[in-house]
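Single-structure report; data block below.
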């Protein structure tokens, strides 16, 4: 079952009207871009990462985004505090396991965070495969971590069941699964890979959709569809990655229903 | 008493000629934009936040900017060291109490910093109201923190007297007060609220004007007038917030006297 | 002996084909821009700064970039761990001693890092003079630290011999020396000084060239030539520093051999 264009549009409109507060504990590379992507979308971002206040702040928020791109020990402690409080307060949260396969430190950190029950995990194919291999069912499956998002889909399905979360793989094609259903989103553009942190922005945008829609699966699909369409339009008008970053914000801000509907390429997959 | 256009222009020219060194201890979201706003204006920014060197560095500087957007304990310690040294060295300093009302941690941090005698405080209406309520005179006044900058003006006047500082409230209309006089600046554009950290940049721009003008009130008015005019021009030419961020820097860099004078909407208020 | 245009082009092509992983431990002001400059060039940037993982990560990388712009004690510790491991693993590394002359803390930090044998040091004239004066041969030479890159060249030559590294001075003219040879690069544009962190981006771009070329001197010349040409083209098309930042990324991404060759102003100097 896919998510129809009118539902996606309705959720985007809800963000623009409600301006939900999205609490981000994210990496230093993308803080500015992520905040700007959320503002352009219509949400209210806050980047708050001190253990002295993350628990207080997350209860004021409508969603929590945790991204480990430039993780360090104090920030990891804050992430755990915030994620635990999010669960008890009923605030949906999403985990972006940036580069999880690169070092033992990242693998351990993401394992610990994944146990705190994120509602959604979004990563690229390699990241999702690394996570899937760490689950009991995934041990020794040995999937090649250099393959694309389609190859990672099998791992994503198992991971989604194991940790009871929606798992999103982004790449040339994005896939969203809850372990049973799979939706493919074929929007986006290769130039997007030449701008740092657009995956991180996609994660934050999912956070904004989670803030206005309890159906986690539909919210995740809608977010990646909107972000993919905006990125695709921006890339088509950009001579290079500098312009793309600027036009992506302009496009997110101005996206209308007719343009969104005409561009959407969302379908069920398996 | 307002600040005439030729005085505002003279101060901007002084920044361009003297290129004052502005020391910023600021948040990770806006470091890049703030540095670029100061460079486009003509000042020399430095972002230096380690307790190992902030005291040495602030004495080399012509102004200090402290912004608590992504505060954490080590940074708060560095802010206190820098602010104390700024006072003893006669370096003017400005406090940006980002989101002060959101958590007890922020309220306590800003209270401690406000006791270190900032020359200027700049915030939005909610932030200034929160601060005004924390002063002895403000206890229990219970102003609705969701109201705009005009509503906050009464609190700002009391706050200015209580801590002997110039207080600036930015919003649809900006107000600057020293407790006796009030000037209103009606420049700016609603699209500016969709770019992260433009309030933080405004604070840093005030810092640059403090660096070249001892009359704190005039410097603050001039800074917000220049920033408002540049933002207004940039927004009028921008299809969205991505372009606005780029054009704001281009406009600050190229702003000439005729354009500034033609656009200025600065007046006394009460 | 200079570096011919076809060699510079060959190295740029090698980066685009090999997409080398460049590990950056850099300052919070420029993280985003540096990552984007490396991506636009064709390299794969990673910004990883925790002592818990820098040693693991640097061995996966083809080059390491260390920049002290917003240094603090934990980051300095991580820089030392990463630099030591880079040497033992044969990963080339480059040091950017941002503002080294400003405080005793910076001088001590850079002295400690310089002893860990960087392959290249890149700074502006003042920074290189400060470093040259700290070497045994440089004690008491008392060069005026406010002079430009040409004046710093004498110090750079001594520094290069003392620490057995290539030294690059960037400014109106860039100079690269290994203590014996000197090459001058007359590309670039004055507007580049009005965008924060372009020196830091230049350092990171040198890192990318080191990743694909063992001849450190040729790699450094080629990197500054490519960056200078791209900056020059971007500046000529930009009404101000905001546009320059965007167009620099677009230009790095799209730079072709004919444009590069036509613009290059690289020559031997003394």
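Quick notes
Chains here go by letter, A, B and C, matching the order in which they are written, and residues are numbered from 1 within each.
In the analysis below, a residue touches a chain if its C-beta (ideal position, glycine included) is under 8 Å from a C-beta of that chain, and two chains touch if they have at least 3 such contacts.
On a predicted model such as this, the values are computed, not experimentally measured, just so you know.
Least-squares overlay of CA atoms from subunit A onto subunit C yields a rotation of 120° to the nearest 5. Subunit B and subunit C touch with mostly distinct residues; of the residue numbers seen at this interface, under half occur in both copies. In this assembly, the C-alpha centroid of subunit B lies 34 Å from the C-alpha centroid of subunit C. Shared interface positions of subunit C, defined as residues touching 2 or more other chains, are 28, 32, 245-246.
Looking at the complex, you find that subunit B touches subunit C at residues 28, 31-32, 35-36, 39-40, 45-50, 52-53, 56-57, 60, 74, 245-254.
Within the complex formed with subunit A, the subunit B residues making contact are 27-30, 32-33, 69-73, 99, 102-106, 193-197, 238-243, 245-246.
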